[in-house]
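Two complexes come next, and they have one chain in common, subunit A, joined by subunit B in the first and subunit C in the second.
What follows is the complex of A and B.
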């Protein structure tokens, strides 16, 4: 709570800069539109205006400044416009009972959330299994670990269209599968690295103690290594779920998907409706925030229950 | 059929050899540490080749590595042009601008404890957002050529580096700063001789994250419009026209570029932060 005031200040500053940027970003288009409705402008023709800087345009046509804040297709919409668009496509539609309509961002967010969660589950499982194999087998450690690191330096988005084509060639019509694979690819690595660190975190003395108790290897895993890896696990899960969401959206972007937040961004781009893009972006940001916060709360509760909240 | 059997036998043999090497007395030596993962990679390639040939997979779905290698060798001209457009022009310029801007911003923010406390949570949050989504907006602002790709990269790499640098600048403890004060060092001297060096491990952490992000940003931005060259352009049109072998060749270029880029940053990191415990042998 100590940080509430500074954070609020920073957020306010961002909104202020955003508002200040709207006018210079939009003024050219706004003036062109004003001219079409018969307004007389300072440099009269559009060609002449090309030569003048935006600041001069704003100074000489001050009476048209207000229109830059209320455009249908702005280059940069105001925060209020984005918020209104988001409300119109989510809360408002839910209140009207059309929450699952194809125009509603709730529907698209749900599609994105589904493949994010599938990818997250798949990636986390792979990451944990890989970490266990790496910790217990020297061969796997030596042969797999370098490739796991290299796999993350490969820009997965290069593979995304490929994965989707292969999936559709193999007769997998469900779009959720390729997107989940991309999410899993992005999210397994933080989990793998975190779990390897966590499973190796017990001190030698602790492992030796279990040996004196005549504990089997499996018991040592279950009662010492696994519990002591939980804090590491949660930290990497938070990174992983954010990565999984990025993966899903990237999977939706270049592939002609028709539903999902990424597809809304793509469609907004193709149909020239910037407000739709901004609203989808904001929705994605809110979704990411919700998912990370959810994991954060789970982490706090779990660690307190395990007596590790120290 | 013989291809399948061969691939499986190769797999078993390579795995047995790797297991023997890893559990042998030589497992700690440098040649073995390099040989084992390389053999693992080769095994994957042989398995891929064997499966594609043995099962008669259509090249439209998955071309064999040998076919991809031939395409790669045949179209080096196109690949080099795309590499220049996407990596050298788009990704590297954006990476340079973004990391410089983030670094300077971090030093400025660091002067105010209030700003630092406000910006760290916000920056951490933004760093977790799917920022690639702004690619279409920036492409419509900056045009189709590499400038828009560069802009996407700038935004994507800015926050991870900013957050890491700000965190790194807070790394020194009071004792060390007090020592600088007893030396009568001013703000600039303390920054240059104590706090920046101490922040370097964090800065490089941010830079390493940013290398991958830079390539992702540059490639995704090309899906939204680009001149008729560039890796993202070639991949999206290649998938459309079913020249999958060329797409895989581009993927190889992307992989090599990504790994090299990362490798360069790690090499610089080793030289700069040689004193850090994680670099000690």
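What follows is the complex of A and C.
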């Protein structure tokens, strides 16, 4: 509870800044709409208003400020509007038994979660196998590691459509496959780097000790290197799962997908419904938070049981 | 002695190639260690005492000279699991219990489960840690952890025990106690022990043979055969014999060090 105060303070500050930003972000659109309903504004025409700063517009048309906080299609919605939209598309629909309706973010979140978990599983497996190969072979270290680093410098938005095109060329109909591949592409790297560090973490004396037992390389791996790498692995997994979620959402953006949180964001953009975009964004953030928290709790329990906490 | 020495080294040299040029870690080391000896290696840091121990254990390769362990090469001796090695840090695995840590070499060497259990409880008794088998390393004091690491080195019944400053990181009271225990253990098991230290009282108290070394290049300056009896209460450290040997060790250290103090 000692931490509650600073956490709340930061949260309040974010909400306050958000609220303060809503009026200047929305004032131009709000005034244009008010003019159409016959309101007299200062300056009068939309063209003239282009020349005036938002601060001046807010000062001269103070009676229209309240409308900026209650617009249907705001440039920047208020936190309450986003929260309400999120509730309407999740909890409310679940309560009405329409949780898996195509308009529900629970449904779209589930679609995204599936790809994320497949991508996470694939990326983690590749990352761990790559790390083992790198730690045990100098040749692989020299040849694979540069490519791993280069792979992360390629913008994923550029790569995603190519992966989707290649996947459909290969006759893969299921949309989940290319999405999971993109997701794995982002997720394997932190796992690879973390596991390399983890597998190399045992002290020299520890490896010397195993040598005095005449232990084989495989025994050293199973009994020393692998357990030693567990704290590093969990740290990487937390970064990796967040990256996997981002990868899936990016994979849903340019593909004409109609389901998934990424698709909701894209559709919200195309249909000019900013509330839908914001609700999908918030849903993605909550999903990422849940996944990372789940791994964090698993990490704490595992490390405590391994006597490695703290 | 009519039997062959357990460890025999003749004209052993070891030079490390470093960025700053060659470092002569060992120069012309010739020494015989007989079965049942308790040999201490004492000297300032950089005198090669740890390096010599690591050569015996096949953890370093000499650049010249000959060394045999149990009549074979150090590598063959290591592969035959002829020695147990105790490092300065206990190095217990935090994810294994004390029993699990002692079991580690036994698992690697392929002892069957029942044999493992019997050995674990026997060596735990030897180091007076009976009843701590299920505890985790963090639940034990530093001295107890080091005793567990000695038990780990004893578990597979190697005849030789190589100990690299095992009590270096412990306070003097704990150290005295562990020294006493180590002597008892040595008397009971009749192992050959090579013990690296930089404490003069520790070396004199424990050893039947004290090897004084000096640095740059690492070499032997004196080998003292202790006249002290095998039975050694802690009070022996106040006896004139003890003080005389300690003097000789100190003189040896000073002689080896004179040119760079």
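Here is the rule we go by: the second predicted complex is superposed on the first by the 306 of 310 C-alpha atoms of A that agree within 3 Å, B and C clash if a C-alpha of one lies under 4 Å from a C-alpha of the other, contacts with A are read in each partner's own complex, and residues count from 1 in each chain.
Throughout what follows, a residue touches a chain if its C-beta (ideal position, glycine included) is under 8 Å from a C-beta of that chain, and two chains touch if they have at least 3 such contacts.
As the structure is a prediction and not an experimental result, all values here were calculated from the model.
Asks: Using the touch definition from the top, say if A:6 reaches subunit B (first), subunit C (second), both or neither.
Replies: After superposing on A, A:6 lies in contact with subunit B but is clear of subunit C.
Asks: Check the residue A:50 against both partner chains and state whether it touches subunit B (first), subunit C (second), both, or neither.
Replies: neither
Asks: Between subunit B and subunit C, whom does A:139 touch in the aligned arrangement: first, second, both, or neither?
Replies: A:139 contacts subunit B only, not subunit C.
Asks: Between subunit B and subunit C, pick out the one touching the greater number of residues of subunit A.
Replies: B
Asks: Of the two partner chains, subunit B (first) and subunit C (second), which one does A:203 touch, if any: first, second, both, or neither?
Replies: second
Asks: Which partner does A:246 reach: the first (subunit B), the second (subunit C), both, or neither?
Replies: first
Asks: Looking at the overlay, what does A:166 touch: subunit B (first), subunit C (second), both, or neither?
Replies: Only subunit B is touched by A:166; subunit C is not.
Asks: Once the shared chain is lined up, is A:214 touching subunit B (first), subunit C (second), both, or neither of them?
Replies: second
Asks: In the overlaid three-chain picture, which partner chain does A:306 touch, first (subunit B) or second (subunit C), both, or neither?
Replies: second
Asks: Which bits of subunit A are touching subunit B when the two form their complex?
Replies: Per the stated touch rule, the residues are 2-3, 5-11, 14, 75, 138-139, 141-147, 150, 152-159, 161-162, 165-166, 169-170, 238-239, 242, 245-246, 249-250, 253-254, 261-262, 265-266, 268-269, 274, 277-278, 280-281, 284-285, 288-289, 292.
Asks: State the interface residues of subunit A toward subunit C in the complex, per the touch definition above.
Replies: Touching subunit C from subunit A are residues 203, 205-206, 208-215, 219, 223-224, 227, 306-308.
Asks: Show me the residue ranges of subunit B that touch subunit A in the complex, using the header's touch definition.
Replies: Touch residues, subunit B against subunit A: 15, 18-19, 22-23, 27, 32-33, 36-37, 39-41, 58, 60-62, 114-119, 121-122, 125, 128-130, 132-137, 139-141, 211-212, 215-216, 219-220, 223-224, 231-232, 235-236, 239, 244, 247-248, 250-251, 254-255, 258-259, 261-262.
Asks: Can you list the subunit C residues touching subunit A in their complex?
Replies: 57-59, 78-79, 81, 83-85, 87-89, 91, 93-95, 104-105, 107-109, 136-138
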